[in-house]
Amino acid sequence: TQKQRFQQLVHQMTELCWEKCMDKPGPKLDSRAETCFVNCVERFIDTSQFILNRLEQTQKSKSAFSESLSD
Amino acid sequence: AQELLQRMTDKCFRKCIGKPGGALDNSEQVRTGGRSGDPRVCSLGLPLRLCVPQKCIAMCMDRYMDSWNTVSRAYNSRLQ
Amino acid sequence: TQKQRFQQLVHQMTELCWEKCMDKPGPKLDSRAETCFVNCVERFIDTSQFILNRLEQTQKSKSAFSESLSD
Amino acid sequence: AQELLQRMTDKCFRKCIGKPGGALDNSEQVRTGGRSGDPRVCSLGLPLRLCVPQKCIAMCMDRYMDSWNTVSRAYNSRLQ
Amino acid sequence: TQKQRFQQLVHQMTELCWEKCMDKPGPKLDSRAETCFVNCVERFIDTSQFILNRLEQTQKSKSAFSESLSD
Amino acid sequence: AQELLQRMTDKCFRKCIGKPGGALDNSEQVRTGGRSGDPRVCSLGLPLRLCVPQKCIAMCMDRYMDSWNTVSRAYNSRLQ
């Protein structure tokens, strides 16, 4: 469902951005870490969209790779 | 909820217990006797579940929840 | 089933504690490594229980986070 | 395809964006205002999706596809 | 299905060998990296087969471990 | 069993083959010709499956099984 996909992606981004933004958890989420998390999410979505768009444009149709894409 | 709990436990265990790649250090070897079924002793006389570094885990939990909420809001606002 | 959940958790703990306790696999599991594995399991269960107990106590009921908890 | 896309996004995000274990550096904080719903500004005046380090991600994608194909061929020839 | 298992293993090997062989993605897959990927696949399959063969030979039949193997 | 096998293969491959983050070193490039379907040559004249660092993988397997058993016992005694 839509809600499950939303939560799944939030789990994945939280895990990835936690690695990037959280060195030692402190008594509160400081503004530097919060900015890092927001940037991290934005960049992750930018990256996903860039990859999706580029894949659609290139359509390297002869490789084993693209066969797997068309499953 | 199950998945969140698993991820949080994994992350906070890694952050708060022992050192990556090394043995658990002395301050974390206070719990003994667990395998023989003996009553377990905690050096500080606390109940069993309090033998972990509580402050570190509690902060880690709160920060993980903050992070989850921040990511969730940022993703939501991006979707609109 | 119960047995599957037991084994799943043993897999997870073995993987996590392997990282913490096993530097270079030697000709036998020495007592230092064995102690480390036993401690690692005990601390992991302690950590899980502490987290579960604290979550039940706090019940931060207004956040998106706790909505996800109530699924 | 879904799994390949997820793995590729994860790998190329890690390779091209920010530093592992650290904060995102200055050159990657050009995107702001995303949470308030304001129109977002990209310092180079490019459309939204172009604010990422395009060249790095494009190369990473191509190399990931090359790797997938190389592994696939090597495994295939081994099976025969 | 057979095709799915093939692709699943290709995903796993690509991920593992990517870590071993790809430092910084460049403008093309150079021959050194390509050799590394091919070697990596060969060694991974060798390792899998060695492990499988040895497990069958040893059959340590009394341990909790081997009980889990016989599920 | 399947999951245990996968995890053990992954762990022992990482421990015994090549260097993390680098290329496979010389001593591990003895296997060649695999892609063309030619009969493969192993520099030591051993059967195919013996071209891997057997001693390292065998020890790693045994230690992984020991670890699995130790963890299983410790968890069991804790449950009682």
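We just call them A, B, C, D, E and F in the order they show up, numbering each chain from 1.
Quick note on the criterion: a residue touches a chain if its C-beta (ideal position, glycine included) is under 8 Å from a C-beta of that chain, and two chains touch if they have at least 3 such contacts.
It should be emphasised that the depicted structure is a prediction, and the values quoted were computed from it without experimental measurement.
K.L.:
Could you quickly compare D-E and B-C and let me know which has more C-beta contacts?
P.N.:
B-C
K.L.:
If I average the CA coordinates per chain, which chain comes out farthest from subunit E?
P.N.:
B
K.L.:
Which integer distance in Å separates the CA centroid of subunit A from that of subunit E?
P.N.:
Centres of subunit A and subunit E (C-alpha means) sit 26 Å apart.
K.L.:
Please work out the Cα centroid separation of subunit B and subunit D, and write it as a whole number of Å.
P.N.:
Computed from C-alpha means, the inter-chain centre distance equals 31 Å.
K.L.:
For subunit C and subunit F, what's the span in angstrom between their mean Cα positions?
P.N.:
25
K.L.:
Quick check on subunit F: which residues sit in contact with 2+ other chains?
P.N.:
4, 34-35, 68, 72-74, 78
K.L.:
Find every residue in subunit E that makes contact with two or more other chains and list them.
P.N.:
21, 38, 40, 42, 68, 71
K.L.:
What does subunit A use to touch subunit D in their complex?
P.N.:
Interface residues on the subunit A side: 16, 19-21, 23, 32-33, 35-36, 38-40, 42-44, 46-55, 60, 63-65, 68-71.
K.L.:
Which stretch or stretches of subunit E touch subunit D in the complex?
P.N.:
6, 9-11, 13-15, 17-18, 21-22, 24-29, 34, 37-38, 40-42, 45
K.L.:
Which subunit B residues qualify as touching subunit C in the complex?
P.N.:
Touch list, subunit B to subunit C: 1, 4-5, 8-10, 12-14, 16-24, 28-29, 31, 34-35, 48-52, 54, 57-58, 61, 65, 68-69, 72-73.
K.L.:
Would you pull the subunit D residues touching subunit E in the complex into a rising list?
P.N.:
3-4, 7, 11, 15, 56, 59-60, 62-64, 66-68, 70-72, 74-75, 78
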